[in-house]
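One chain, chain A, appears in both complexes that follow, with chain B as partner in the first and chain C in the second.
Our next item is the complex of A and B:
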């Protein structure tokens, strides 16, 4: 089993805002730190915090729990509402974390500005208190359940896991970017079959916090790429014992933030960025293994709401018309030629083969590595191609049962693994 | 007769030797300036190259897309190397001018002074062209990608307007910097810029009422469509 090695070297200590240092000095020993990330989440965060406290009372009543609300500057009295909801069943600290300029212009999909600073702060608090588990949840979740406490903490407390990532039940076409790019690419690179669901809820062991999370550079790049993708990729790339917790649906207050191209630039950019850092790790990896899961697995639900396939195809068509000079730079000649040949005569019979999609993704990873174009432009130029592949996937599977859709996604994932030598060969060639 | 002949030869030889005695040190000075210029220019290039690399200018220029724009213009070297090369030739040319000046030729004395006086303007103009070209290409590319992703049909037109708007503005600044027909450039720029704005105003206000209405309707519809589009969570 993959294990983390202990890192007893000096850590870069983040400066903790007042009154946290004083509270840490006066604090009794704590077993579990529960961090609640909020920004004007007064409608949902108190219930989420209360639910987790209840969950720990049932699952591990002997454990000492501290709830820390990391708030980005709510105007609706969120910290007070959480304190009121927490009552006397758990210790409670409220802290307003720093929101730097760089965090503001890259509001994460969660809608909490300075989310990276908040997670770093919580990790530092957990490390100073020598807590065994650092559990972090989003305050905007309506679906947080008391059972989450056990699902997220028990792999660490009972099975010695390093990191527990969320696995939410989803509808058929929910998370297409994750299902057709982020998860299968991560799986092919690092050999871990993770669903790559970002945000919502995490749990980290004390080892993970000390050896991996806190030693991160915590520079502007983490804020740019988004801490959620960063942490998920870190868990995949490092020798960490990772579990996935089946948490049911992820229902949020309000809609996810950011337009599609920004989401693509952040999430895909994060994986590409980490590919450079972990080149020696992913190059020798072949095949993949499942990650242990806890909770009841759920298949793909039926699609909810209308699917605007025509608009997706239109987005791809426009890319084909206007972005050709850019694609010509970032794609390999063979890939580029195949994209041009796709054309679209009949929208209903449009097909974007998965093998071509994987080739596109690998070409972009190489173009990112070789810096053929400004990196943000390069990543955002993927948007029409992604829309084209998604439209093709929907057209091919919408009449099929959910099980067949899962098989189709598995086929895409296997394609990433099969074509990995293409990536390695060209990557090495480019490094020479 | 023979004395006159002998004196003429001696006189001519003495004059020649005296001229040589005056000119040779100047020639040596020119050659020294050229050699010194090469050495100083090489040192300047090396120091500048190392300083820029230490300041991670190459990484920054790649991140900002400057490197890609240079590559499009046929310049494959890293940005620090390009700046180093420019510095080399600038320093070398200055030393050559100093050497030519040392020759003391009456015809070149004034020319050198004028050229040296004009050099800062030329350098500033060169810098303006470089920045303008890079900025124009970079912003046009960003605009093209953003408008295509927003599925705006006139993406290429908008990106072209951004590129040529910046090029036009840069050209006006360069000509003003070089002092070439300042008044005409300012007047021409004002006329062109004012004309464009007026044309757009008239087109939208009179000729393009229907187009403007359609555009506004499309925009309003897009607001509604955006809500529908967000039904699929991509992450």
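Our next item is the complex of A and C:
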């Protein structure tokens, strides 16, 4: 079923900076737009762009490829370096996307400020050029490979998919927030078992591009810090034909992403925000289905350093000391009571049951919906609880084989689905 | 509300007040209890937890009240017994405790006990003092007031005998070898505790007993008696404290804490001049050395730290070389010297340099112990070195720019001492009223620092670990208590300094500057570099918070 009908509405194309309109007018037809998002990524972006161009030469040499570098104002000559790397095998445009004052302080997964504006700009360029595929890749990736071109574009070009999301090889404890909240919550809500790996690389069909250009969420704050979550949720909720491409590991040139509570607030806030928008979509959904996958598992995830479980438990216990008044407001009495009881455990026997964790997440989603507190405070109060659950998960699985870890995460995901009526029931009460 | 914690004194900020110098309630030119009661709101506003009152007992005032003529009443010029009780009630209502000076070692020669004692060898009070037919006993005991006293013995023509005194000759020492004296002073203490006093600052405690062949200081029998006092207090009173004045090396003061069963607190005398030395010589060594020589004390005990008090800045616990250095750097004018020390207030000692005043306060607020602020130092009051003895640092508190600094409505000629009126420190320029109005005044800074200090029990109760960065002009140490770790960094130099600190044990922590709640760069496995303004300081909280990058998952949660 194709729900991408909403793109019949008015599109809100961003104003394209010079000389892009002129270039579009003069451009020959383009099949594939490859957008490279950069901010001082001279060390990695040229190789990434070159690799994708090479990949298209091998996979679809007949396709006309345009590389568009959306840069946030690099000081290291990134656009010139990419242009040089692209050579004559693809057309190349460079554009500096808008970066508002506030977004300078918002570092996205890619480390590119104004990432939402860049994606919107690329979508607009792709739409104006009537490209079949708009492929977007982060310039800070060290692991971009020529085969990504085919993995990302072929589901759209060959199988009529609307959106191809990345599926990266990961180490056991990489992406704990994604694995214990973002992905399973999205799965429970929209019925799609997506890995919810944000950023890195996407491919969008022309139809999906049009839906990206709908007014929402561009005028909302959510776009500034949650564009990746928005894209992923859009793919899940609009019931588009979604694929996941197994791209191997995602190795990045490190950039600070901000403090933990901000990352949590932004990523979880995006999902909660979208729950309001898609309430009628997710309410009737029961169960879940896998999404089609392309590619083969390859490589290992990003290296994981030392994990300080004791500090995580300490972080949880500090939350118990400092945030009880907030938790008392945002959590259901039964949830709150169970959380208080966890504070009695010593570090060695610390256990934060997954069922309780899911209950916490659903309570917070309801509190967010009901605006029981300033939303940022509410979301940041999740941080110690996340630390507690993560610590518990690590304690329970670190001596087990990797397969058992996957089974544990599957149990968490099933818990979200099983407890979804808890969410729906309370959500309805609150709406009444 | 007063804290019910029996260890309240470990977190408290103390404030020293001579009643006569603080506020005059009846307009006679002398401060009194009525005036002091009127200033309790100010002390509460400032954040003071406990006030220490200098002696207010009847006295001929030849040693500013430390020559007590009657332990059980109140000097007429300060008010009545009822005034004291009202002060206690009003202070307690504001959450402020009150301790008072108790001069255990001696009395005034006007005290009834001495008058009766000198009358005849058969007097019932004869044994209350140490009499001798010769002045050749206890010759190993040093003379403390060397600039006024030639001997520890003085001939009394009426008694026709010599009497023993460790301080002024008009202050005969009580004879603690006499059980009646022991009981009489115990009764004195319980009398005041029954009125609601929260404890005593016990004056000159090392000298209570004498024994031939010794220096007559710190004798075991003294400790036995003090332990007896403590037992009596603990048995009948809750939350009362004993604070020892023992101008001794820390190792010699240590026995006064006993096993936590003698004094609750004691002044750390030798540290004080070394704080001044450290700043003037721009090196942390004197300060760290002093802590190296400071033994552990029982967990229910506490050091009292101070920068100045009603006496001279004592240099008794300094070597000859150190003393010369202090005189050279802080008292070149001989008229500034008193006994073995310097008779100046804090602000003039530090050239009225706000940066140095803040720096030294930051040190006494953050080193192990409870700070005591000497009245007027919170506004940077000056002194008058032309006044005799130690009166130069005991001038009226400067409340306003009005007549007599707002201290009294009397004719200025009637004041017990003239107010400071010079161009720099005069009451027109330095007073509470104007500094309360100025948001960045020293007074407002003090209030803020006291308030911040109270947020962290680590200052009063935590352990200390000195860091040893290569830059010796920077004094840095960690204070730890429970899960809290504070990093205190002080630049002792008058030039900007950079320092590299080894904080690898805290890698991943994001230090929070607690005064401004500003986040500093996250600590990594590499040296942590800080730059400090001249005489600058940082109070940094290294305690892990959920937002710190210290869990190993921060950069890969998504």
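The working rule: the second predicted complex is superposed on the first by the 402 of 432 C-alpha atoms of A that agree within 3 Å, B and C clash if a C-alpha of one lies under 4 Å from a C-alpha of the other, contacts with A are read in each partner's own complex, and residues count from 1 in each chain.
The rule is simple: a contact is a pair of C-beta atoms (placed from the backbone, for glycine too) under 8 Å apart; a residue touches a chain by one contact, two chains touch by 3 or more.
Quick caveat, the model's predicted, so the values are computed rather than measured.
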Message: What does the overlay on chain A give for chain B and chain C, a clash or a fit?
response: clash
Message: Under the stated touch criterion, which partner chain does A:377 make contact with: chain B (first), chain C (second), both, or neither?
response: first
Task: Quick one: classify A:88 as touching chain B (first), chain C (second), both or neither.
output: neither
Task: Name the contact category of A:26: first (chain B only), second (chain C only), both, or neither.
output: neither
Contacts of A:178 with chain B and chain C, given as first, second, both or neither: both
- prompt: Of the partners chain B and chain C, which touch A:326 in the superposed model: first, second, both, neither?
  reply: first
Message: Which segment, 55-63, 181-189 or 505-513, is the chain C region that clashes with chain B in the superposed model?
response: 505-513
- request: Go through chain A and flag every residue that touches chain B in one model and chain C in the other.
  value: 109, 173-178, 182, 198, 256, 259-261, 263-264, 267, 304-308, 311, 314-315, 318-319, 383-384
Task: Going by the contact rule at the top, pick out the chain C residues touching chain A in the complex.
output: 483, 508, 510, 544-558
Query: Which of the residues in chain B end up touching chain A in this complex?
result: 62-65, 67-68, 138, 141-142, 144-146, 148-149, 151, 153, 155-156, 225, 228-235
Query: chain B touches which residues of chain A in the complex?
result: 109, 173-178, 182, 198, 255-256, 259-261, 263-264, 267, 304-308, 311, 314-315, 318-319, 322-323, 326, 329, 371-377, 380-381, 383-384
Field: Residues of chain A that touch chain C when the two form their complex
entry: 109, 173-178, 182, 198-199, 254, 256-257, 259-264, 267, 302, 304-308, 311-312, 314-315, 318-319, 383-384, 387, 390
